[in-house]
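Both complexes shown next keep chain A, but they swap its partner, so chain B is in the first and chain C is in the second.
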Partner chain A sequence: MTDRLRDKIIPVTVILAAIVVAWYVGSYAMNAPFQRDLDRRAGVTSTTWEFVVKTMSQPKPTLPAPHQVAVNFVENTFFRKVTSNRSLVYHAAVTLSSTVLGFAFGTVLGILIAVGIVHVVTLDRSLMPWIITSQTIPILALAPMIIVVLAAVGITGLIPKALISTYLSFFPVAVGMVKGLRSPEIMHLDLMHTYNASAGQVFWKLRVPASVPFLFASMKVAVAASLVGAIVGELPTGAVAGIGSKLLSGSYYSQTIDMFAALVAGSIVAILLVSLVGLAGRITERVMGARPA
Partner chain B sequence: MISAKGLDLTFQTGDGPVHALSNVDLEIGKGEFVSFIGPSGCGKTTFLRVIADLEQPTGGAITVNGMSPQEARRRRAYGYVFQAAALYPWRTIEKNVALPLEIMGISAAEQRERVKRTLDLVNLTGFGKKFPWQLSGGMQQRASIARALAFDADLLLMDEPFGALDEIVRDHLNEQLLELWARTNKTICFVTHSIPEAVYLSTKIVVMSPRPGRVTDVINSTLPKERPLDIRESTEFLAIAHRVREGLRAGQSYED
Partner chain C sequence: MNPIALLPWQSVAALLAAIVALAGLPILPDGMAPASTALVFLLVLTGALVPLLRLPTATESFVLFAAAHGPVYLLLSGITGHEGQAGLAFFALVAASWLIAWRLVTVLSLARPTSRPMGTLLRLVVPTLFGVWLLLLWEAIVRGAGIPFILLPPPSLIGVRIANSLPILAADVQQTIFKSVFAGYFMGCAAGFSVAILADRFVFLRRGLMPIGNMVSALPIIGVAPIMVMWFGFDWPSKAAVVVIMTFFPMLVNTVAGLTAAGSMERDLMRTYAAGYWQTLWKLRLPAAAPFIFNALKINSTLALIGAIVAEFFGTPVVGMGFRISTEVGRMNVDMVWAEIAVAALAGSIFYGVLALIERAVTFWHPSVRGG
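Take a look at the complex of A and B:
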């Protein structure tokens, strides 16, 4: 227990405290000019301490202080009905639904592409440059086009947003799975050859199980990318709900505290998603007999 | 069982052709235990891989059970044991042994029966549910032998199967291998670096030398089929070992 305290809890707490202190200092520095302006115009003089407190209780600060964000976050997460437009749980759920759908599409698409690349020489030679090119196009440029094109053919709502997530998440899965499906050692492949195994048998009994660790590693990257895609997808779509729309409306009305709270909500969703994928990976590997670390 | 005539195999590499096998003539009869011995690069592993249809010869002729190696492989005529155990880490030992049976489409009931039988044969009874990493190196290699035996091919090809194991484990496995050979009456081709191992195990020792890979001597062992470990101190054993060593030395003198 004392080891855990020394090795983990103390260092983590120290770093966290340092970040919070730096944040407070930054928040004072960023908000002070505006506050000085306000005070001068109102003809108010205050003690240093009063002034510091005022810089951290502005309704629309340049950089909100940590406690302002925390209060806003707690209020909008725990003390609102989840159906309310102000509830962060509601917005997170909207974003989460398109993230998960897009991630599922992306994973399936990535696996299919990888299988194609590993088994079809033509695809191996031709597909990779296109896939890499696809990832060099900024998603911000592409997202509105996807939304508009799909709306033109009558697809609106969840699917277009999810497809933006798919666009970002298939790439790590495809790259990881190509590597994974090619990971079996020569000896393991030779063994299959001596049994006169068919390509299908080699695939299911050797390539697929060998690729599982690669799959989960790339799915972790993909799920985080999916969330980014979902949030970005909410920006140009005029979405009225979701973490992205919360960020957008916050920026329209300079509601910086709301924006930060939405960012916190987004980070928590990201942590949850990545941990869930990691957990699923660990359970799968345990079932597949991996040596416990 | 295996017949090679004028067998050639040349690899084309960046540094020019490498003559892995050159004009190899060899007859291996049914039920023989044949060891291939020689320094690295003498083509002993390559020869085994040609029998297994893992390499294609560039000249000469070879038949396995009267067929081409490819045909023999299609009919699952041999089991192959690699230098490393090459067990699939995500399969338990019994699932690893069952792998060739699954691929050959053998019924689940018969799979269970054969897995049990072959695990008993290599003295791994009770280890079926373990994963490979839970076993020692020697036990893993025994599991891989069980896997090669599971589908009852008449021919067992072994490529330095005990090369990575220590002397004590190796002695033990050699003894067990002889016992297994006596019980199953299989033909075994065994590649090794070790003179005592070759002499102890074999009814026929094929001495090879490198550049180009070729057979320099074929020694028919005069040792009895029943071989306790201490036969290795008998004069007969030492005489054969001496002849192997002479053969290896003769092969090397070509280079000097």
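Take a look at the complex of A and C:
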């Protein structure tokens, strides 16, 4: 316990505290010129402390102070009706729904591609280089076009955004699963061979169980990518709902506090999703009989 | 023995498709000369039946290559100008030549190359064929089914568009890649690297930063883009700032992980030489960390492009790839958007490829390079 305290909790807390302090200093430094301007025009002279407080309570600061973001976040998360347009829970739920749908599509697609690559030589030789190349392509640039073109065909709402998430999330899963399905050693494959196991039996009884840790590791990456896809997918729809649209409308009206609160909400959603996938992975491994290392 | 049983399944399917096409003749109501129709059928039949001859692999590949690409060329040049008039025969014949191409790729994948250059060539040709057929099928389906070009332009039109708007594309690449991406990439990677060395020097800093760094990698950092645009204005510095933030953490986390990669035996050896911290770092631990650092550089090359392009969606001067994409989508000039995406993909692949080449040169000692 003391080890954990010394090795992890204290250092992380100290660094986080340092970040918060740096943030306060930064918000003073960045808001001060504007505040000085305001004071001069109003003809107000204030003491240093009053001035510092004022830089941290502007309605549209350049860099909002942490407590302003926290107040805005708490207000919009816990004290608004969930159905209200200003509720962060509402926006987060909209983003979450397309994230989860896209993530589910992406995972299934990634697994299917991986199974194909592992079992068909032609696919391995022809598809694998393209999967690696496609990771070097800024696929996110496609986002606005997918949305607009699908809207022109009459498909709007959840599906186009989910498609972008699918795009981003199937690569990690496919690559991770290929690695996982190939992870059984020659010795294990030979053992299955001596049992006269069919290809299907080798797949279900050896390859699939061996790939589970790889699957969950890549699903963690995929779910984070999927959230990014959903947020970017909300930009070109013209700021209707979701965390991305909250960011966009914030940038239209210079509502910096709202933007930071939306960022915090997005980060919390990301951490929740990644932890959930991690938890699911640990439960699955325990059910399958893995022992803690 | 039944000759059909000797044929691979792709050839059987190609034959079936040819029979279906015969039933659905003509290929186009007008526009295909009888001679070229006959040639298409002849080539497809040759391609489907050539496995029976048991030719040497090289000869068979050449025949299959001609038999797959000849018909599709004739079909595509026939359909141009008659979009949307294609019937069953057209699609059946496209499918037949695609199946023959599949057969070709299978033959090439199973081939045992006799020399090293041949093996490299084969490793390049197989994925290239796959990419080419993706484009050919896209072209055939879009033109054959008459999908409005405003929704999905065929690759040939996108190619024409690229050729016609080279100056615009060059200006966009100059703005987005040479200004925003490169500036941000170098600053972000350098900052991540420096902080990683600091974190390596001071254990307390490493223990505090690593959990935070790992957590940040899961966050949608791209969301800071509108804030950066507000702070640094519309021109490239705001995009570079987004790129710096996006590339900083992968570099930090990977470098710190890489610096622990050198084995304790080697470190003890350095200690017996009375090497100082910096000597050990420079001569042992940084080279050992090189694969990790290059991994971060490669991840960052993609992230940097995405960051710069998405940041341009929030406001730019009237030039830049993200700006062009968002405005041309609004004007429904979809072919320009695809041209821009093709250029971005090319730039991303070149960026990645150059890094991979440098990596091979720097980490020549690493098993993954030596073994290959």
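Keep in mind that, in the parts below, the second predicted complex is superposed on the first by the 279 of 293 C-alpha atoms of A that agree within 3 Å, B and C clash if a C-alpha of one lies under 4 Å from a C-alpha of the other, contacts with A are read in each partner's own complex, and residues count from 1 in each chain.
Methods note: contacts are C-beta pairs under 8 Å (C-beta built on N, C-alpha and C of every residue); 3 or more make two chains touch, one makes a residue touch a chain.
What you are looking at is a predicted structure, and each value in this text was computed from that prediction instead of being measured.
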| item | value |
| --- | --- |
| Clash-or-fit label for the pair chain B, chain C on chain A | fit |
| Partner chain in contact with A:M187 - chain B first, chain C second, else both or neither | first |
| If touched residues of chain A are counted for chain B and for chain C, the larger one | C |
| Spatial angle chain C-chain A-chain B, Cα centroids [nearest 10 degrees] | 70 |
| Chain B versus chain C as contact partner of A:V108, first or second or both or neither | neither |
| Touching partner for A:S267 - first (chain B), second (chain C), both, neither | second |
| Chain B versus chain C as contact partner of A:M288, first or second or both or neither | first |
| First (chain B), second (chain C), both or neither touched by A:Y195 | first |
| Which of chain B and chain C A:L5 touches, first, second, both or neither | neither |
| Distance in angstrom between the closest Cα atoms of chain C and chain B, superposition on A | 12 |
| Of chain C, residues touching chain A in the complex | 102, 105-106, 108-110, 123, 126-127, 129-131, 150-152, 204-205, 207-209, 211-212, 215, 217-220, 222-227, 229-231, 301-302, 305-306, 309-310, 313-315, 321-322, 325-326, 329-330, 332, 334, 337-338, 340-341, 344-345, 348-349, 351-352 |
| Chain B partner contacts - residues on chain A that touch it in the complex | 185, 187-188, 190-197, 201, 205-206, 209-210, 212, 288-291 |
| Residue ranges of chain B touching chain A (in the complex, touch as defined) | 52-54, 73-74, 76, 78-80, 82-84, 86, 88-92, 99-100, 102-104, 131-133 |
| For the chain A and chain C complex, residues of the former touching the latter | 7-8, 11-16, 30, 62-63, 121-122, 124-130, 133, 135-138, 140-142, 144-145, 148-149, 152-153, 220, 224, 227-228, 231-232, 235-236, 243-244, 247-248, 250-251, 254, 256, 259-260, 262-263, 266-267, 270-271, 274 |
